[in-house]
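In structure tokens below, several structures.
Both complexes below contain chain A, partnered by chain B and then by chain C.
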Partner chain A sequence: MRGTVWAAGLAAALVLGGQGFPTQAEARISLEKCVICHGKGEFRKILVDGKIRDLFATGDSLKGSVHEKKTCVDCHFDVSEIPHRARPRRVNCTHCHYKGNAEGAPQSDASLDYFGSAHGTAIARGNPKAPLCQDCHGNHQILKAKQEGSSVAKGRVAETCGRCHIEIYAEFKTSIHGVAVARGIAEAPACTGCHGEHRIYSHLDPKSTVYATHVAAQCSTCHESVSIMGKFGIEADQVATYRNSFHGVADRFGSKTVANCASCHGTHDIRPSSDPMSKVNPKNVPRTCGKCHPGANPNFALGKMHVDARKKESGIVYYTALFFKYLTIGTMLALILHIFLDMYGRTRRLRGEK
Partner chain B sequence: MSNTENRERKEKLVNEEIESALSEEMKGSALTEDPEIREKIRRRVHEEIEREIRIRTAAERRAEERRRREERRKERRHEEGEMFQRFNRNFRFQHMVMFISVILLILTGMPLKFPEFVLSRYVVALWGGIHNSTLVHRIGAGMLIYFMVHHMLYTVLSRDGRRDFILLIPMPKDIRDAAQNIRYFLGKAPEKPRFGRFSYIEKFDYWAVYWGCVIMIGSGLCLWFEGIVLKFFPKYFLDVAHEMHSDEAMLATLAIVIWHFYNVHFNPDRFPGTLMWWHGQISEHEIKEEHPLEYEEILAKRSKADAGEVVHR
Partner chain C sequence: MKTMRGESGGPVQVIRMSFMFRVQHLLLMVSLFVLAVTGFELMYHENRLSRFLIDLEGGILNRGIIHRAAAVALMAQLVFHVFYMLVSRAGRREFREFLLTAKDFDDFLQAIRFNLGLAGEYPRFGKYGYKEKFQYWGATIGIFLISLTGIVLWAENVSMRFLPKFMLDLTLIIHGYQGLLIFVILLFWHLYIVHLHPSVFPMNRAWLTGRVDAEWLREEHPLEYEKLKGEGVL
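Let's look at the complex of A and B:
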């Protein structure tokens, strides 16, 4: 019986699908077969550790997702007989998702970055807990990242990452960025805003966007922009003042130990300085500075942190800069004038003028 | 008696040798027949021999070397005349310590002031990264502080130091000199002002360095030991120190590169620079030109001393 069905299928494939692609009719046949078992609501498996793996999947599972037009075996292509004897392997997305594919997947190699990332290398080392594509993007209900319901959409990506990074998620959720994301502010960064999408590395890896020497550049992509910061009433010159401070200069020249943005403001728990839980709240400044400057006391908090000597608000620093500016200009003008007069006199005497 | 006999015999031998060498070398030349020239050559050879005998120890050899150099210099540039000692060894050592430390400080400090300038990263890389660069900056700072302490002690304890310090105090004459010098540049005054040991230009340099050292060392120490400073002062105190350190560094560098370099290197009288910082000597020609009052003082002192000697006899 099974043999004849296969023979018929093979004949149909040869006759109808001359190009080798399954037709709509064929796909439906395959789906119908799968739902014989997977369409039952109670179809699930109890794993050794007691967890239950839900194996329910019907024709509606893919509805509305980007893979709406695909069928079961398009992804679960190692299922060659029904019922399958072994557990099908995890779906390998790169079967279709590469540049130059003929399956209608986006023509992009962006996902290849995953294989060098912290997650990809963990998988390669055999870490069973490390995530594959489907762990973040979802199984059957995969949506484009820009679509709101997607598990990697800005509003939901933190939750998705938080499934494994639960403590960081808790910190982020109440931070200024987390609150802003929850409010639906488009400019606010979720996890991927700072860490990148597929190219996520450990912060100790020099390739990472949040490596010690890259943090300032990463934060400044938004915080340097007057048009973004202006919307929220945040000063955009905080980046410039940092870059001109000793911390910023040493950071630019590659110091890994000098303070970057995150050293003082925190990483996932960034809060406005008015928040008493903020690391840069005046009350907490001694402790924050004390991480590098042992014995820091409340004097550390007296005075503006991001000082711009060219601004009048800086007070005494501004007047010091002003004094030295005019001292330098005045002195140098007088000295250069003296030099030029000297040269003028020499020229006169060389010409024999009196 | 045998000693004198011996010497006479030796002298005779030498003379014979000279004679034979002369007739060998200059056969046929009319000049050799001239007894005057013969006599001259003979005298010269004797001098050489005596010199050879004199040079016994290394110290003697060095002294001899110096004497020869001096003779050669006099032959080459007889117009320069006698050399006067202008700066003593101690003073030259201070200057060397200072300029080495200032060069180190500028090379390690300026990249911090202009981090975006294209060469800055290479200058930092020269020391092997920012951490080494800051270390070299502190070594330079230590040298500058040592120089400052050394110079203060020198000013107080040394006779030359006390004399120079008093001569370096600005006087009303300096303002008159400056005015006359500028009129001289413009052709309004017939003569250059007559400077003493230190002209108003040198006095300005000295006090500029004094001011610079006080500001730079003061603010630099605050930044170096920021933990101690912040125990007693608020953070904006350090911000002021940072601003002063950065701005005064700029002023000092400009003053050195433009003003000091013009006066001692690019000035047509000096180009490409003299070795006064090394040997501390000034020629008669130059001292008459640049420090006529000091020259007169030296001469007066000398003639007084000579007169005193005569009287003493």
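Let's look at the complex of A and C:
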């Protein structure tokens, strides 16, 4: 049975294979040799810390993945002896994944951003826990991010990140964005929606999309859009009202300590204000404001937070602004009128005097 | 029309603004200017000039510090001015001149009637006519009111203890519009009285020299002129 599938796979590789692929004969030799050991179901290694490393791999391992047409040594190219004298190194994806490659990999350098990211620099510093490409994208079963089953697909990426960031995953899972992602809402952001894909930095790094002064812009990419927010009955002018507030203006001019969206709404644990666990639930507002403004009281939580004085719904604020607007215009007109009247009268007065 | 000549040959002049008033006027001018610039920067922060000025001041936090420093100066002047006007002899004398009387409102109406051609005679003013008095009281009360809203906004942590959010929104709106209103009044009213009015154009220099021509006084403030004449000053 396995042989038939294999033959089909090879035939496909033969038909579709591009330049640089091993010839059918080479591929067969490579695979035949590898599966002598790796094709045994119990082929595994017990590591010193007691973990079991499964070393089982067959010709089916790549089936259905984007690397379907590849063979073992295309990636494990450092393996040249059997049994391996040295432990084979972890696969280096940049062997093929760079712009201008001839291997048929996507022509993109986007993945190079990884090397400057929080993860890439951690690897470079020698942190053994930091993730390489395959830790997020998977090993043999790598799919395109757009394919639903991919470990970095929107529906699954949180789980993938959560393998290391477990507490954050727990917070996110029950947040409004997490729930929306789980429901399959295409607009909702998973981890990468806010943090970026390869260029993930610490939120304390000015390059980060979630750095204090970038948060508002990052949230606005969706929350300012009437077409996205309209679908879910969320107001899109929260962004504009924030920008015109003391907080927003200070943020815009580079203050790192002023409140941005996340300061009040939370980060991974954002919930709708109607949720009693929300940081912006009226019950919790005094505590949330109190982080910066000690003494904020329940009274302060009354009424709307995001107020636009130009909108009728703002009630007394709107009418006061309107009153002052016409008072100012009226005063201005009255003064100008008086000035011209006075000038006109003065010429008459002087003429009369002569 | 003959111009009065003094002993030195120049026109006869009388003191209109004492040294103390010139100092107060100068301080008021500087602090109002700084407050207006730093205030409108925030009110119209989208404007490119505002952004340029904020950068010039070294950021939005410095803008606030400058604004509040000027505000402290202004409020200190207001307190000093109240005491000066009520306690010192020179101040009390000036204060009496500034008190609003029924005559001022009559003058105002009569001036309008005259300007419209409905009355035969233009009102005769004392040292300060209705234009000066209305401006003085408007500015003083305006500065007092804008100080109140300014303090509420400045002490936001105290305000948040007592006031609901919409009260602070309201305070901010009122503070901004109060500033705009004071600015408009100064621009159109003060500019006219002491700069554009044909009798003083391009500028009444009393704020620098303290003096005005007796001839000007005779034309624009005849009651004051006659009073000084009666006292033998002229």
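One rule holds for everything that comes next: the second predicted complex is superposed on the first by the 314 of 354 C-alpha atoms of A that agree within 3 Å, B and C clash if a C-alpha of one lies under 4 Å from a C-alpha of the other, contacts with A are read in each partner's own complex, and residues count from 1 in each chain.
Simple rule for what comes next: a contact is a pair of C-beta atoms (placed from the backbone, for glycine too) under 8 Å apart; a residue touches a chain by one contact, two chains touch by 3 or more.
All figures in this text were calculated on a predicted structure; none of them were measured in a lab.
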Would you sort A:Lys33 into first (chain B), second (chain C), both or neither based on which partner it touches?
neither
In the overlaid three-chain picture, which partner chain does A:Thr331 touch, first (chain B) or second (chain C), both, or neither?
both
May I ask you to decide whether A:His140 touches chain B, chain C, both, or neither, giving the answer as first, second, both or neither?
neither
Would you check which partner chain A:Leu302 touches, where first means chain B only, second means chain C only, and both and neither mean what they say?
both
Taking the contacts chain A makes with chain B in one complex and with chain C in the other, which residues are shared?
246, 249-250, 252-255, 293-297, 299-305, 307, 309, 314-317, 320-321, 324-325, 327-328, 331-332, 335-336, 338-339, 341-342, 344-346, 348
Show which residues of chain B lie in contact with chain A when the two form their complex.
111-112, 115, 120-121, 124, 129-131, 133-134, 182, 184-187, 226-227, 230-237, 239-240, 242-244, 247-248, 250-251, 254-255, 258-259, 262, 267-268
What residues of chain A sit close enough to touch chain B in their complex?
243-244, 246, 248-250, 252-255, 258, 293-297, 299-305, 307, 309, 314-317, 320-321, 324-325, 327-328, 331-332, 335-336, 338-339, 341-342, 344-346, 348, 353-354
In the complex, chain C touches chain A at residues 42, 45, 51, 54, 59-61, 111-112, 114-117, 122, 156-158, 160-166, 169-170, 172-174, 177-178, 180-181, 184-185, 188-189, 192, 196-199
Any idea which chain A residues touch chain C in the complex?
246, 249-250, 252-255, 289, 293-297, 299-305, 307, 309, 314-317, 320-321, 324-325, 327-328, 331-332, 335-336, 338-339, 341-346, 348-349
